[in-house]
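Mind looking over this structure? Questions follow.
Think of it as A, B, C and D in the order they're written, each chain with its own count starting at 1.
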Amino acid sequence: MNVDVEARIRRSFARQGYMATIGAELVHVAEGEVDIALPFSDQLTQQDGYLHAGVVAGAADSACGYAALTTMDAAAEVLTVEFKINLLAPAAGEGLLARGRVVRAGRTLVVCRGDAVMITGGKERQVATLTATLISMMRGASG
Amino acid sequence: MNVDVEARIRRSFARQGYMATIGAELVHVAEGEVDIALPFSDQLTQQDGYLHAGVVAGAADSACGYAALTTMDAAAEVLTVEFKINLLAPAAGEGLLARGRVVRAGRTLVVCRGDAVMITGGKERQVATLTATLISMMRGASG
Amino acid sequence: MNVDVEARIRRSFARQGYMATIGAELVHVAEGEVDIALPFSDQLTQQDGYLHAGVVAGAADSACGYAALTTMDAAAEVLTVEFKINLLAPAAGEGLLARGRVVRAGRTLVVCRGDAVMITGGKERQVATLTATLISMMRGASG
Amino acid sequence: MNVDVEARIRRSFARQGYMATIGAELVHVAEGEVDIALPFSDQLTQQDGYLHAGVVAGAADSACGYAALTTMDAAAEVLTVEFKINLLAPAAGEGLLARGRVVRAGRTLVVCRGDAVMITGGKERQVATLTATLISMMRGASG
């Protein structure tokens, strides 16, 4: 992993207003791997009191994006092209952990898997699985 | 459309902590159609200052879920099974409008399309398209 | 549309062994639009006697790929990055028609929608909807 | 696993005209796991001479469907609700192996992952990953 990549990821994460709003933190950064965690909050729920799919998907998408960034050039920015999420169980519990992992890193496109679990009393339950395609963009390039 | 369905949808929407957090409002409810709108906010951004995919996807998912609910029994609850979103352009502008539309309503499963546009100066630009599968659950039934 | 693009698409289609195997024909080529049709056959069925999802998805994917190609440079090749298909109804009937339409054409990536209908006695019934991401590759470039 | 489930799966597979057309065989059946293999053939190619996405997706979809069926009631039939496939590399090689694995089995819906590899000289290269949602239908029930 490029030596500066963790610092770049932490600076980028800090610029995300949405990550602060949902109370998310970067809890693991390694080559091809990023984990994001957040505590349960009543401000993030859908109508039945579980975490909303937009929160689960948003955390998993960012975890995938930064996992992808660990495989890219120092000058690259990462954008999500698409993702698909299967919601496997209600997102009930003390906190959410989203693990983004690189499945295949190409020169332009990176495919990642994001698995989201709810943690309660130290035990995990998987609540969603996501696959995402990310694209590497050069800074300053017009899309 | 069942006469009470709009009232049920508005009550359900009001219970969603996440919709309040992102500043979302129900702006259209009709048979097979629900629109949700929210203003741009720095609290909802990704690292480049655009709305985060979790916000765009969350609004479009809720619009699809309520659109699906308009086709269901009075006793039914709706849950998202899965969705897939293609991000077409950066979500920059004054506000987001997510339109959920029923594509096919079965007895158990409903498929919806959600199109998200950013509106600036009254003009729309499409920023994402989503397809979702929703399931009808009877209240009180164990999943 | 580039004047030669229809000829290029027809040559490319003719090189696809799979399109011949499933009896598919190009029935419409226009800017951002390609339709592919095939007759029902017992050789293409799943266990209940309907067309297999691999046939429906394959025809819709090729329709999307060629629709995307109509928006690209003369020197470009098109590859499918990913697609997602919702199967809406059993693929029963006399023939399948898959319509690929460009939703957004970027410089590198193109997003398309593919709608598949079964036609019986001149009447259509939608059986699937697909969204695909395609990438433009320069001929001779290494992926 | 229900004692008769492998026999049921083999009978169902044998009724699929498409599996015969693409030369596919069931090569592994266990609780929550089904593998399908097929040899490369020029009759199954896209324009560059690789296996067509419809073949790769079709084999992976069937592997997922039968993997899901191993978790269902003896009286149940399985239908694919949707799937999403990321194409990771050109499907070049001697043969395709698609592994369907159950990720979560609910009472009505089952989520599976399908990974497709090309095998050449005994070595595997992953060419696609798919996630699918399957539904359990009672035989004779109207959808």
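The criterion applied here is as follows: a contact is a pair of C-beta atoms (placed from the backbone, for glycine too) under 8 Å apart; a residue touches a chain by one contact, two chains touch by 3 or more.
Bear in mind that the values here come from a model prediction, so they are computed numbers and not experimental data.
Because subunit A and subunit B carry the same sequence, their contact can be compared by residue number, and over half of the numbers here are used by both.
Two chain pairs, C-D and B-D, are weighed by contacting C-beta pairs, with C-D ahead.
Each chain gets one centre point, the mean of its Cα atoms, and the points for subunit B and subunit C are 29 Å apart.
Annotation: 21 Å between the Cα-based centres of subunit C and subunit D. Separation between the centroids of subunit B and subunit D, computed from CA atoms only, is 32 Å.
Residue numbers of subunit C whose C-beta contacts span two or more other chains: 81-82, 84, 86, 133, 143.
Listed in rising order, the residues of subunit B touching subunit A in the complex are 12-13, 15-22, 41-48, 51-55, 57-59, 61-62, 77, 79-87, 90, 143.
By the touch rule above, subunit A contacts subunit C in their complex via residues 81-82, 84, 106-109, 111, 133, 135, 143.
Taken together, the subunit D residues at the contact with subunit A in this complex read 84, 86, 88-89, 103-104, 111, 113, 126, 129, 131, 133.
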